[in-house]
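Two complexes are shown next, each including subunit A; its partner changes from subunit B in the first to subunit C in the second.
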Partner chain A sequence: MLLRHTTAEIKPREALTVNPAKTCQPIGALYAALGIHGCLPHSHGSQGCCSYHRSALTRHYKEPIMAGTSSFTEGSSVFGGQMNLVAAINNMFTIYDPEVIAIHTTCLSETIGDDIPQIVSKAAEEGKIPKGKCVIHANTPSYVGSHVTGFSAMCAQTLRQLAAPAQIKECRFNVIPGWVEPGDMREIKRLLKAMKLPFTLFPDTSDVLDAPQTGHHEMYPKGGTTIPAIRSMGAAERTFCLGEWASQAAGEALFKYCQVPFEVLDLPIGIRATDRFLSALTEYSGFTVPDSITDERGRLVDMITDMQQYLYGKRVALWGDPDWLIPLAEFLSDIDMKPVYIVSGTAGKSFDERLGKILGSVVPEAKFQNGERADMFLMHQWIKQEGVDLLIGNSYGKYIARDEDTPYVRMGFPIYDRVGHSYFPSVGYAGGMRLLEKILSVIMDKQDRDAPEESFELVM
Partner chain B sequence: MAVPFIAEREKQVHVLGEKPFDMACEKKSAAGAVSQRACVFCGSRVVLYPIADALHIVHGPIGCAAYTWDIRGSMSSGPELHRLSFSTDLRERDIVFGGEGKLYASLLSLVERYQPKAAFVYATCIVGVIGDDVDAVCRKAQEATGIPVIPVHSEGFKGTKKDGYKAACRALMSLVGTGDTSGIGRVSINILGEFNLAGEAWDIRAYYERIGVEVVSILTGDGRVDEIRRAHGASLNVVQCSGALSPLAQEMKEKYGIPFIRVSYFGLEDTAKSLYDVADFFKDDNGEVGEKAKTLVREETERVYPRLKEYAKKLRGKKAAIYVGGAFKAFSLIKILRYLGMEVALVGSQTGTREDYEQFAAMCQPGTAIVDDSNPLELSHFVAEKGIDLFIGGVKERPIAYKIGVGFCDHNHERKIPLAGFEGMVNFAKEVASSVLSPVWKWVPRKKAGGREE
Partner chain C sequence: MSEAKKPITVEQLVDVYPAKVARKRQGSIILREPGSDQEIQANVRTIPGIITQRGCTYAGCKGVVLGPTRDIINLTHGPIGCGFYSWLTRRNQTRPGTEAGTDENFMTYCFSTDMQDSNIVFGGEKKLRQAIQEAYDIFHPKAIGVFATCPVGLIGDDIHAVAREMKEKFGDCNVFAFSCEGYKGVSQSAGHHIANNQLFKHVIGNGQKQVEGKFKINMLGEYNIGGDAFVIEDLLERCGITLLSSFSGNSSYEKFENSHMADLNAVMCHRSINYVADMMETKFGIPWIKVNFIGAKASAKSLRKIGEYFGDAELLARIETVIAEEMPKVDAALAEVLPKTKGKTTMLFVGGSRAHHYQELFTELGMKTLAAGYEFGHRDDYEGRKVLPDIKVDSDSRNIEELEVSPDPERYRLRMSDERKQVLASKGFLFKDYEGLMEEMDKGSLVIDDLSHHEMEVLIKSHKPDVFCAGIKEKYAVQKMGVPLKQLHSYDYGGPYAGFQGAINFYKDIAMIAGSRVWSLIGAPWEKGEALRAQYVRPEERSA
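Let's look at the complex of A and B:
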């Protein structure tokens, strides 16, 4: 068995991370940048970084991922990466002709102290930035935060650098969807349209990372929030930030620089979080939730009540990013399951506070930890002490699932070994139904597999 | 249609027959080119990670370890320690105050928990910049734990993957020579540059044992520290792969007088040649090895030939593109594809040398495009322009091939199907045929350059 090395006895670890439940900032910045139309992301650091980030995103989305790299050498690490970056900007505009280049830094370029705005000005002075094009950047060293904070930083910085302040606000709303899949972004747009709320969604990776097969390799697929749309976000009436970790900073930036008020909502995963999301929208759109959506909710509730016998009391272990772990934990407890182990490598105090409130009375035995030393190894040790009935998380959980023979649903990032996650939503009522179908499927498959002949049921 | 290349890359893209051959290569990637290359750490890791009973810990921020967590098809017949991901997860305060203490504490707690035979510590970019003395920490840890704790100087920016290979070889050299070689016979070899992807090392080892050659160690597929320690007891080093392990073979020759030969196990011709070359080396020690090699090659070829003939019938005239990391593999691939009746319209590598490219030029027809350190724009241009039916490459090339609507064969380190040796050749033909001849490509609206829809 692959994880035969995991012991049930938990010894405190001062210094070591084993099987991490997070990864580093730059990849988040890369993903966010891909949600801008006509954008070529650029990694200011060693070639390895860019290569790994592209490979990781390719394995997750099964799509080609484009990004430039400054290809740091020993020389650049000593004398600074200015020459490389200016050359890169020139090469990228000349040959790849993007609308915008979104630069993110890496541990290397941050530590040697490269001043990106200064380098970009130099490139502009030297005429390397064609008229009408722009270069934006975010500082995302890998030794701070996690992939989620990198995503958040790129979103916030894009808005800070591009959104145009406006005295007169228009009747339009900004929605920052957070780190979700293209399929989720589509679903959020569908719900916004159903609520008749004029909106700008940023970032938007739908039709970028779930692009159809056309026989053509499109460097810049048709999706993504356009630059003019991003600029206009400064004139919106309000910003809805979905997910505190990934989206709040973007809302704060729009408030600080463009005076657009914002509110932070949970990712609409599960019944209550989706209710809260739609409620918030109703307040501003002036329209009530249409019947078509209410019916969707009804179908989800119907599904839950029909299958509740397979759900109640089931112990669940989850790991991933706080923004979706929190509403998912709420959803699971609402359908009478018990999220007992929750781990995230991304730090942040509200994790404990929110989960404490959500689970305190219904699942008092729940163990949750985030930040340093909160890794998959710890999760596995908890499971070795007392097992669970279901695992929900990224592909790295498959070793635990196999070792402990536990039903397993993939969610989060990265998912390298199944498809569907980028096309079909987990948000909204429709997403809730999909999650429920997957959860029930694996639990009931196991029941069928383990049932002795006499209890092997046709009707379940 | 003009090739969309970056001006400074002009000499790294050549179409045979158009101009006199003069290729530039082994250059740093042009900044901003979407190069498919990786870094020094990547090179070191691919060489050392398959050592299954050693501990591998990455000293750096979380990314380097996270992105390389169990992404390789390198298989082990025993311990799976190398498939866990260990990192010192350096944070801002470690960057400011140094991470040596953290590294030391991690090493001690890991060695105590897992009892590995050795530990490898990989330095990453940031460690090179902040100046952590990884060598000193490793020495201290070695004294404290009693096992070899070996630093690997794999800081990403120090060069390319090739420099990573050199750093890995240096690390291996510190183990070679520390073990007991008694009992090793004269007719013995080490297999270098074989990483046991999809179990290929097991097949190759089986061939050698069948012809009476003892395999002392495999560097590094299904690797064990103790075997590596006694590698200096072998009489010959058999080196494959583009020379990821060449620096080690070179050093072993200088230090222990062990000669080395270069071989390839891809394709019938090259696999046979490898066995014959090894047999030839030992002909004075044991004449039977040569006879057994001939028998093995005849038996295996007879076994696979009928199936290969079937595939060749179906694949005749199809066109292939090859883009690999090191150039060596491409030579074998060109031969195999020809054997199957296919044409090679594009060949390139990330790290080829001048000699490599000259050899491509000699092997290929006019009109073939040869590229060095290419990028998606160039690759997709040629795939569309040359009417490619099959792309052979790695993880970053696959989605491009699929987007354009052509077949793909993963010949990279993620592969799950053994492609080396005799049976491997049949697997390759089968995979190529299934992909190229698949009905799914009918659904792709193919656009020729010029915009006509088929």
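Let's look at the complex of A and C:
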């Protein structure tokens, strides 16, 4: 057994986290910054932070992840990181020529209290920021929130620092896609284009983290939201924030500094969340959903009704981030499955409320928990008490899947051991079809594997 | 691809840098001139913003040295990230025993105190104490190691006091701590040193379990990436050599505890473990020698060196038998791949010994190393241990504790008489020696410490090596340039590459890379200006 020390007996824990269902803020800030065109993210901390984040993102995307570090030493930890950061800004603009440097902090630089705006203005005074280039920053101490809130902080701070308020609003809509994959961002853009809706998507990692093999390494691939586009987001009519955890703060920043009203919606995962997303777009813009998209919805529903017998009553355990766990739980219960165990290391009160509403009447036995110690060890212990038919979450689930011989679909971050997640969407109706295909494949593969020879079926 | 180009100059590598940066980087770049004593600047601070591949002290301590030990609960004291990123990401394989008491394996688990802002403000000792208690109550481990992350040192948590207190409280569980905050030192290397110190202070020599065996050794600096240690274990066993403990691939707490009863320490990765080797020699009288099991010839040489140390005719004969069993397979595999690899070129920028060791395998493949360097090596890893007395101790090295070690009054035992040592030395047998990477490098090749992303791009554009060897962070940037990258940290999830079987695996993998057709798919025909002719038949002709 790979997780041989995990038993059904749950002893209370007040301090120890085992097998976390989250990681720290800075990596989210780094990922969000890669969704800005021409951006070089920078980690203001020890070298290890940057090295770990780049490694984790590289393993997940199988793409180059470029970022600078302030390379703190004991001396800078005592005297502050100003010299390191000013030098880093100068070196990065001189050597790597980005349009923008997006600095995020770490537990180290936050504990010693480095004042980033002050250091950046010092760099500007010393002429270290070339004309026309900019430096933005977000505070992302690792001892607060999770990777999701780090993503959220970088999105909000970018808009706060770059978006320009405008008296006259244009007929254009902002969409904050939340922490989703490049393929998801591409899919959201496809839906918006199909509706002929003028929009700005920020951040946008498509064409950055799914860049083509051309024989040339582009330090700054063609994708990413451009600085002029980000500036113009202050003149939009409304902002749609997909995901309360990753995107609401960005909407609030645009409202506060540029008076752009915002709507917070779920990530469009599954049928009803996608319905709500498209309905909201229609309601506020007056643009309509084209028949081609309605047909996609119909195909997804058709697929579900065709295969209902393989889904009904199946118990599912999921772990990851609230923004996708909530609509996914809703989707699973819509297709007659039972999301019985859900954990997320990311805290937030509405997690319980939302899941309570979604699952309360249909899966009353469901256990869900988030925040500190809502970890994969706890979830595995629940599974030991009563098993499940399906696991959905990141690559760390493969150890549980093998020990418990349970079908398993990879979703979320990180996925280190398979490809596809960055290219093919999980959002929208098309994403729903992909999720359904994956779920059915693993469940039916197990049925095939375990069927006695006489009941091994050709047609299913 | 590997046509000889005029080698680039050191100046070309650094010319875009601001003047101060260029001056500093030049000291870390050497155009190899064999025969002359060339001094390289190494183990110095990385320049902020340069895009380095280096990690931190915590990574070197928890990730590298202690990570591969299966039955110690490695508890990270800090915010969640550090524990999360070092969770199962280094491919250290392990084989727990099947009996109760030897079957523990915590390597698949991540343990963290997940510090929150209140812990930073009010201190984290209470949470740490509670977390240790909970780990003990739930898992009943033999030992718990506590690893400090950056904020722990800054807020002044006394992790050593907490560890001592809990160790006394439990009685049957050793608890010890590592002050391996990420900001210490200049790279992972400081973390290796801290790990070595604490293992030596708190674990090595605690045991009294006698292991039967005529020729007892430890293997130091072998972390069992991709199963390398398994291959070495098998070779040693076939030769009749008893392996007491590896540091730390496929190791256990008990093996560490009893490792002081070995008669020889064989050192693979000099950088990460030489401190333990030195301290065990001083305290227990165990001599150490440098070995290298990467490369078939190097493996044979290393086995013979161990045999020569013991000087037992039967052992020497068995070693020759094992080598004779292995070499025909190696030669056959090599003959098959040589046509694909001979004359090709490579560059290696990785680790603190791998950029040296793997040159053995490339030499066997007939491939030339154009440039090489370490991420976290010191001058002695480049220039050899002869320069140790000349290495200046700077402020970054000074803050890593140097343990005062003296011979153990009861357990120090001379393993070999000075007389015999001299006899061996007169035959060219080197104790406690490592000649470094530069010795291996040809005239005109480049040796670069802590290679930056920019320097890497310049090197690749100017030399277009056939294979570039580095790690995960470099992998896809290099491959986007149309050059295959072989990861020498993770072996691209292949291996093992140690010993004779490992050499064969490596030959095949490099031949696979060199012989792959996928790279020719880069670029659409219309981009390359190739005329594509399609057959088109007009409808009227079709019916005719």
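Keep this in mind: the second predicted complex is superposed on the first by the 460 of 460 C-alpha atoms of A that agree within 3 Å, B and C clash if a C-alpha of one lies under 4 Å from a C-alpha of the other, contacts with A are read in each partner's own complex, and residues count from 1 in each chain.
Methods note: contacts are C-beta pairs under 8 Å (C-beta built on N, C-alpha and C of every residue); 3 or more make two chains touch, one makes a residue touch a chain.
What you see is a predicted model, and the numbers here were worked out from it, not measured in a lab.
Once subunit A is used to superpose the two complexes, subunit B occupies space that clashes with subunit C. In the superposition on chain A, contact is made by A:His42 with both subunit B and subunit C.
Contact with both subunit B and subunit C is seen for A:Thr111 once the two complexes are overlaid on the shared chain. Using the contact criterion defined above for the overlaid structures, shared-chain residue A:Ser76 touches subunit B and also reaches subunit C. Looking at the shared chain after the overlay, A:Thr305 reaches neither subunit B nor subunit C.
In the superposed model, A:Ser292 makes contact with neither subunit B nor subunit C.
Legend: residue contacts after superposition of the two complexes on their common chain; A:His217 is shown touching both subunit B and subunit C.
Contact with both subunit B and subunit C is seen for A:Met92 once the two complexes are overlaid on the shared chain. Taken together, the two complexes place residues 2-5, 11, 13-20, 22-24, 26-27, 42, 45-49, 51-56, 58-59, 62-74, 76-77, 84-85, 87-92, 94-96, 106-108, 111-112, 141-144, 146, 213-218, 345, 372, 377, 396, 399 of subunit A in contact with subunit B and also with subunit C. Residue ranges on subunit A touching subunit C, taken from their complex, read 2-5, 11, 13-20, 22-24, 26-27, 42, 45-49, 51-56, 58-59, 62-77, 84-85, 87-92, 94-96, 106-108, 111-112, 141-144, 146, 211, 213-218, 345, 372-373, 377, 396, 399, 416. Interface of subunit B with subunit A (complex): residues 4-8, 28-42, 60-69, 71, 80-81, 83-92, 94-95, 101-103, 105-106, 109-110, 113-114, 125-126, 128-130, 156-160, 376-377, 380, 384, 395-396, 398-400, 402-405, 443-447. Here subunit A touches subunit B in the complex through residues 2-5, 7, 11, 13-20, 22-24, 26-27, 42, 45-49, 51-56, 58-59, 62-74, 76-77, 84-85, 87-92, 94-96, 106-108, 111-112, 141-144, 146, 213-219, 345, 372, 377, 396, 399, going by the rule given at the top.
Subunit C makes touch with subunit A in their complex at residues 16-18, 21, 45-59, 75, 78-89, 103-106, 108-117, 119-120, 127-131, 133-135, 137-139, 149-151, 153-155, 181-187, 395-396, 399, 452-454, 457, 471-473, 475-482, 522-523.
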